[in-house]
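As written, the chains take the letters A, B, C and D, and residue 1 is the first residue of each chain.
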Amino acid sequence: MAEGKISTRIRVRYSETDQMGTFYNSRALEWFECGRTELLRASGVPYRDMESRGLMLPIVESHVEYLGRAQYDDELVIFTAVRMGGRARVRFDVAILQADTHQPVSRGWTVHAITSLEGKAVRPPQWFLAAIQRAGQL
Amino acid sequence: MAEGKISTRIRVRYSETDQMGTFYNSRALEWFECGRTELLRASGVPYRDMESRGLMLPIVESHVEYLGRAQYDDELVIFTAVRMGGRARVRFDVAILQADTHQPVSRGWTVHAITSLEGKAVRPPQWFLAAIQRAGQL
Amino acid sequence: MAEGKISTRIRVRYSETDQMGTFYNSRALEWFECGRTELLRASGVPYRDMESRGLMLPIVESHVEYLGRAQYDDELVIFTAVRMGGRARVRFDVAILQADTHQPVSRGWTVHAITSLEGKAVRPPQWFLAAIQRAGQL
Amino acid sequence: MAEGKISTRIRVRYSETDQMGTFYNSRALEWFECGRTELLRASGVPYRDMESRGLMLPIVESHVEYLGRAQYDDELVIFTAVRMGGRARVRFDVAILQADTHQPVSRGWTVHAITSLEGKAVRPPQWFLAAIQRAGQL
């Protein structure tokens, strides 16, 4: 976890637990989304504005490692980094830790295509590349 | 639960449990949706076709009673009935039972507006009223 | 919406939207839970501590009115109030507004039983009643 | 996707869509779970029985490729295969296709530890290895 990365905090909701008493595995991907959202906001171009400008970032691949438990009401901190991948792809790397003990909870990444609102692959425009570059330096 | 109503079956997913070991309360509303979907399909006009024809049924009110436990992998049966309400509303009544013991799990209803795809209230067209009437007799 | 109530803020997650472009109806119940969690924390007895002390509050009834749209990344404020109901019940009233415009998004309530961890109804102990009373005055 | 594997069918729920109009990415992991559940049932030892006998399979890693769209009400077929991995691990490989066109929707895998109900790693007992072997030949 490089220092200086943008982080955001969440609390584990009861709805996110399962009968094992920890969070259900798919929730990690929803928390990864929280990290992406806050990182892009910090870059100056929130993801909602990207969609308003006609770009979407549909996911093409995800990978999650489950490293530790997180129970209802635990406060977690989500660190997120971003960089352009090859072939008009954007990659977000995420790490989720317990906010107080810094015990690792989950780690992983997602890769996204860059498309029009109709889902057609597009060449990323300059404003988008600039935003990702700024976000990558946060 | 009147007999003869259209029913559909689901299994409780692990993702739908919470740390109490039964299903998380909001899942009942997702199962109510499964009931609506199958009832409208049986009427001859699946909900997806309603949206294709330019109508949406956004929810305006929901009510759920939680009557019994349902655990991971339990098979449940969902009974659904429909009727027009006043002021261009559609109401669905739902009951969810354990499939084998018929123990009640949940009961409730949802009320929906009838709108265009832009969310404007519309007078329900004849094909829609006919579909609801057919569904109401199932 | 009485003033002075405890409130908490959330952002609508992309995962909470549906193809109508607003939040899916069951998410309201998950946001109601966020409100309960923060209200009980403010009372001095977080819900997680209630379970640690051997009490659970399983839901028995929920009611939701859907009053306005809320889109991805909208910031919402959740106001929650609590009071004892008859027959060993606890009732939470919730209102969700757009954080900036104060446009109403959803309103409703949930009623909960008071049980042991095994799910048996119990007479609420004094520390519990005191916590609910404090929370009711927040 | 080898033929002969156990498959199960689901329909995309409205609650599983997002504002892009296709399924939200984390749902794939919930559908993978449906595949695991039905494969283990076919092996003669449903997962619920594994937990009753004192074994849990907490997830340690997941990987998902998103290959095609799936919209509300689309019927999907989930193919699942299982095999033991090194170091007391179980691996499930999953492929999700459109039921009618066989267009690929998603593909991936999950790896699970084998633990006691308290979460301690355990040596897999003989009945468990036999069940996985039977499931692996389905």
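The criterion applied here is as follows: a residue touches a chain if its C-beta (ideal position, glycine included) is under 8 Å from a C-beta of that chain, and two chains touch if they have at least 3 such contacts.
Quantities reported herein were computed from a predicted structural model and do not represent experimental measurements.
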C-D compared against A-D, more contacting pairs: A-D
Chain whose mean Cα position lies farthest from subunit B: A
Distance between chain centroids, defined by C-alpha means - subunit A, subunit C (Å): 27
Distance from subunit D to subunit C - Cα centre to Cα centre, in angstrom: 33
Euclidean distance of C-alpha centroids - subunit A vs subunit D, Å: 24
Residues of subunit A touching at least two other chains: 14-15, 26, 29-30, 71-72
Subunit C residues touching subunit D - in the complex, by the definition given at the top: 14-15, 17-21, 24, 26, 71-72
Subunit A - residues contacting subunit C, complex: 11, 13-15, 29-30, 33-34, 37, 46-48, 71-73
Interfacial residue positions of subunit C with respect to subunit B in the complex: 20, 22, 25-30, 56, 58-66, 69, 110, 119
